[in-house]
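What follows is chain A paired twice: with chain B in the first complex and chain C in the second.
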Partner chain A sequence: MTAVITGVGVVAPTGIGVEEHWTAVVNGDTAIRPISRFDASGYPVRHAGEIREFDAAERVPSLLVPQTDHWTHLGFQAAEMALADAGVDPAELPEYEMAVVTAASSGGTEFGQKEIQKLWSKGSRAVGAYQSIAWFYAASTGQISIRHGMRGPCGVIANEQAGGLDVLAQARRMLRNGAKVVVSGGTDASLCPYGLTAQLSSGLLSRDPDPARAFRPFTPGAAGYLPGEGGGKLIIEDAAHAAARGVRAPYGEVAGYAATFDPPPRSGRPPTLRRAIDGALADAAITAAEVDVVFADAMGEAGADLREAAAISAVFGPYGVPVAAPKVLTGRLYAGGAPLDVITALMCMRDGIVPAVPGGWELDPEQHIDLVQGEPRRMPVRTVLVLARGYGGFNAALVLRAP
Partner chain B sequence: MADLGLDELKKIMRTCGVAESVDLDGEILDVPFEQLGYDSLAVLEIQGQIEQEFAVAMSDDALEHTKTPRQMLDFANDLITTGA
Partner chain C sequence: MDTLRVVITGIGVVAPGGIGTKAFWELLTSGKTATRAISLFDATGFRSRVAAECDFDPAKEGLTPQEIRRMDRAAQFAVVCTRDALADSGLTPAELPAHRTGVSIGSAVGCTMGLEEEYVVLSDGGRKWLVDSTYGVPHLYGYMVPSTLAVEAAWACGAEGPVALISTGCTSGLDAVGHGAQLIHEGSADVVIAGATDAPISPITSACFDAIRATTPRNEDPEHASRPFDRDRKGFVLGEGSAVFVLEELGRAKARGAHIYAEITGFATRSNAFHMTGLKPDGREMAEAIRVAMDKARIRPEDIDYINAHGSGTKQNDRHETAAFKASLGHRAYEVPVSSIKSMVGHSLGAIGSIEIAASVLSIERGVVPPTANLDTPDPECDLDYVPHTAREHRVRTALTVGSGFGGFQTAMLLSSLDVRDAA
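The block that comes next holds the complex of A and B.
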């Protein structure tokens, strides 16, 4: 069984639809702007990657709009685009052979905040019935499953940013267990007062007021990251099933994967991202030399960057592989971040273009990685390694191979 | 307090969305909510909004007695009239 990606859908600050997103990424057009979804002037973080021009009333079925959070609205849209892109009409496939597994990180915070406000201002009876289904992590998976009649195995993985890769591996397991088509990926949308306050508690957000300087991973004095919203959905399919229904050129193959969990702080034991990379390469049965590009987790926090750069240079050698970090254009999207990176990596393979971070950054000389900077690098790309880390010690590594 | 009228009920129903094939301005009084696209959770939401607007409290078994818009109007107005 070979797990291939046959459809992608993007709802990101950089664009709605994969081509709009990819064009922005290649051009290095940043989507980081002042937060507009609420008055953030009193908050220590005032810039983010917001999705512009997304009107749920236009894009989501009327009955589903009030039942679901903004994050699920984005998930609906991304899933719909991915299905259309794959040429999959769920009405034509056996319902128990279609599965859904998405990553979730914040859940429905904006929805939840409105209901909490009702609770505190008007009492418990004012809390709407939909709160029971809108906030929780499995809401997007469940709603996508119901909407498209996908009654095969369904699940959600909630471990912040790493989950966006873990779900693709879970989709591959589902295919091995008999599912034929899996909707996977993830979105997150937590740019509301409650959501931003929760994010601030990690201490990892950049408080630098200059949006051009705030989120600069792998630079000396990196101050943290800026948040964003959105993500992407992917259709993962058994290659034989895809071929049988006439798919000639899937985007790529989910070729290898591994996940690890870091030891607790002050344990004296080393972090385990490197072990995840080694495991993913072994799972794909390739050597490090065969990897053309690495999409980094690129958290932008000094210690985290140092650990990631050390893991990359330990596996690939100092400056041994081009490294991309397109999330500097969108901010960190949590559950949506890694799926978007995977889709961007598929475009990178398709077009032979490795996206760059803005030029003019002074990179940290202690971090021996070849971060693509200034101009995108044109080169043949057959194999990409995507990395993601989730708050609290989760690491995931995924190998994508061109078809 | 004024009774709950059909127009007011429809306004509340619209906040829960409207199914693509449904015209709330058509003959809906005796059409079950389910056929109008509102599942039991949506009906709970509609009840909750009526409770808030008319300061009444519906019992847990109210769902059994509010299967259609007409039943909802009757049930709610009974509560509103008796001040329950």
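The block that comes next holds the complex of A and C.
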């Protein structure tokens, strides 16, 4: 069984729809802007990757708008685009052969804050009926299953940012267990006052007030990351099934994957990202030399960057492989981040263009990686390694191969 | 697929009515209930004011002051269960092969208690929409992301293999153990610490179930409030707790001479794609999940000796589930004892699936099936043998346990004594 990607849907700060997003990435157009969803002027972080021009009333069925959080609105839109892109009409496929597995990170944060505020300011009877289904982490998977009549296995993995890769591997497992088409990926949206405040408590957000300087992974002054919202959905399909229904050219194959977990802080044991990379390459049955590009997790926090750069240079050699970090244009999207990176990587394979971070960054000389800077690099790309890490120690590595 | 066999070699339980497997099993077999008036918060004015609470003192359970400060109640449960399960398996964290040890923890609502408590402070009692970030505790982000529960379990056992937090609402506890078993089946890990935890007895979670009238308003009589399959059932009783297991590949477990409780022989999930909270009375998709699990396990309806039901005590669930058993098992549904431990320990959302696995495994080990408490007047639409009131001695070689949850998720798992597969 070969798991191929036959459809993609993007709802990201860089654009709604994969082409709009990809054009922005190739052009290096940043989507980091002042937060507009609420008055963030009193918070130490005031910039984020917000999605512009997303009007739920126009894009989500009217009955579902009040029942679901912004995060799920974005998920509906991304799933719908991915299904259309794959040419999949769920009504035509066997109900139990369609599965859904999405990544979640913080659930329906904005919806939850509104309801919890009602509870504490007006009493328990003020809490609305939809809190029970809008806030919890399984809301998007359940709603997508219902909306498209998908009755196969449903799953949710909540491994913070790493979960976005874990669910693609889970989709591959579902195919191995008999599903034929899986809606996967993830979106996230926690740009509300409580969501931002909770993120601030991790100490990983950049408090640099200059948005052009705030999120600069792999540089000596790396001060943290900026948050964003959105993500992407992908249709993962059994290659034979895709071929049988006439799909000529899938975007690529989910060829390898591995996940590891770092030991606790101060344990003295080594971090494990390198082992995840080695595992994913072994799973794909390829050597490091066959990888054309690495999409980095690129957290922008000094220690995390150092560990990631060390793992990459250990596997590929110093400056041994081009490294891309398009998340500097969108901010860190949590459950949506890795799926968006995967979609961007598929575009990079399709067009032979490796996206660049803005030029002029002074890179940390102790980090021996070839971060693509300034101008996108044109080169044939057949195999990409995508990395993602989740808060607390999750590492995931995924190998994508051109069809 | 599934050439590697997965067995349970350690159990840790924190449940209403008692901490530890012994107290848990004593409660279940006594037929007594652990449901009571809510004491964890002031529930005055709430529609449902009963719950099944754990008498849990984290310090007494061995957590340090820093661990207690850092961890939400759900994380505390999970860590205590992880340590207990490991101790029960005869393994120490130092003996675990770190790189080959995985973790799979389920939770429906994550660290909702910590999130709500901090919200109250930061919003100054719900006054400020623009919450005051300067009052945030350093662990607040850890409360927002449920992954923290898997992180804490991984730290407690030193796992460095694949770690996951599975959050499929009320089937999380079955799905997380199913995922853990899958990691061993496919060769990604040799040992997996798998289970689930939830601590949802808080104002916001109670209020949201109040709003959809899912929890019982039977407040005057808390001990008898959870009434699965009874004609007078009026909704579920919120619970809390955790159960965590040591899963091992069979050959490894045998080689070290481990005590083997049971084998995970079948697992499947399906979705109804019908409604986020509503269930059709025919139980169609749950029946399909049961059929697929039996098929994978090569187990026939006649081989099933006990059904540990979801049995939440809502009007619609108990009918839905009864129909699912009939549709998937045929006449066997009428012959096999079916019981709901939620009658005694309440419905702890994502955790309960794992707690029910613990009950199922113990029923295999002890040859006793727990009863359905409070089943005084059978619902004519629920006409199976629900083991009312009193535990029953009964040989169980294969137990079926099922879960049904918001989102339309339906999960079935089969647990068997080793001889079932050996004979196949």
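Simple rule for what comes next: the second predicted complex is superposed on the first by the 403 of 403 C-alpha atoms of A that agree within 3 Å, B and C clash if a C-alpha of one lies under 4 Å from a C-alpha of the other, contacts with A are read in each partner's own complex, and residues count from 1 in each chain.
In this section, contacts are C-beta pairs under 8 Å (C-beta built on N, C-alpha and C of every residue); 3 or more make two chains touch, one makes a residue touch a chain.
Because the structure is predicted, anything quoted here is derived from the model rather than measured.
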Combined model on chain A: chain C and chain B, fit or clash: fit
Which of chain B and chain C A:262 touches, first, second, both or neither: second
Chain A as apex of chain B and chain C, Cα-centre angle in degrees (nearest 10): 60
First, second, both or neither for A:115, with chain B first and chain C second: second
First, second, both or neither for A:150, with chain B first and chain C second: second
Partner, of chain C and chain B, that touches more residues belonging to chain A: C
Which of chain B and chain C A:59 touches, first, second, both or neither: neither
First (chain B), second (chain C), both or neither touched by A:141: second
Touched partner set for A:33, first chain B, second chain C, both or neither: neither
First (chain B), second (chain C), both or neither touched by A:350: neither
Contacts of A:245 with chain B and chain C, given as first, second, both or neither: neither
Touched partner set for A:368, first chain B, second chain C, both or neither: neither
Where chain B and chain C come nearest after superposition, their Cα distance in Å: 5
On chain A, positions contacted by chain B and by chain C: 67, 125, 127-129, 132-133
Chain B - residues contacting chain A, complex: 15-20, 37-38, 41-42, 44-45, 48, 51-52, 57
Chain C to chain A touching residues, read off their complex: 1, 45-47, 98-99, 103, 108-110, 115-116, 119-120, 122-123, 125-127, 129-133, 136-148, 150-151, 154-155, 158-169, 175, 182, 186, 188, 203-204, 206-212, 214, 268-277, 285, 288, 405-409
Of chain A, residues touching chain B in the complex: 61-67, 122, 125-130, 132-133
Chain C partner contacts - residues on chain A that touch it in the complex: 38-39, 42-44, 67, 95-96, 100, 104-107, 109, 112-113, 115-121, 123-125, 127-129, 131-133, 135-139, 141-143, 145-146, 148-160, 163, 166, 173, 176-177, 190, 193-203, 258-264, 269, 272, 275, 390-394
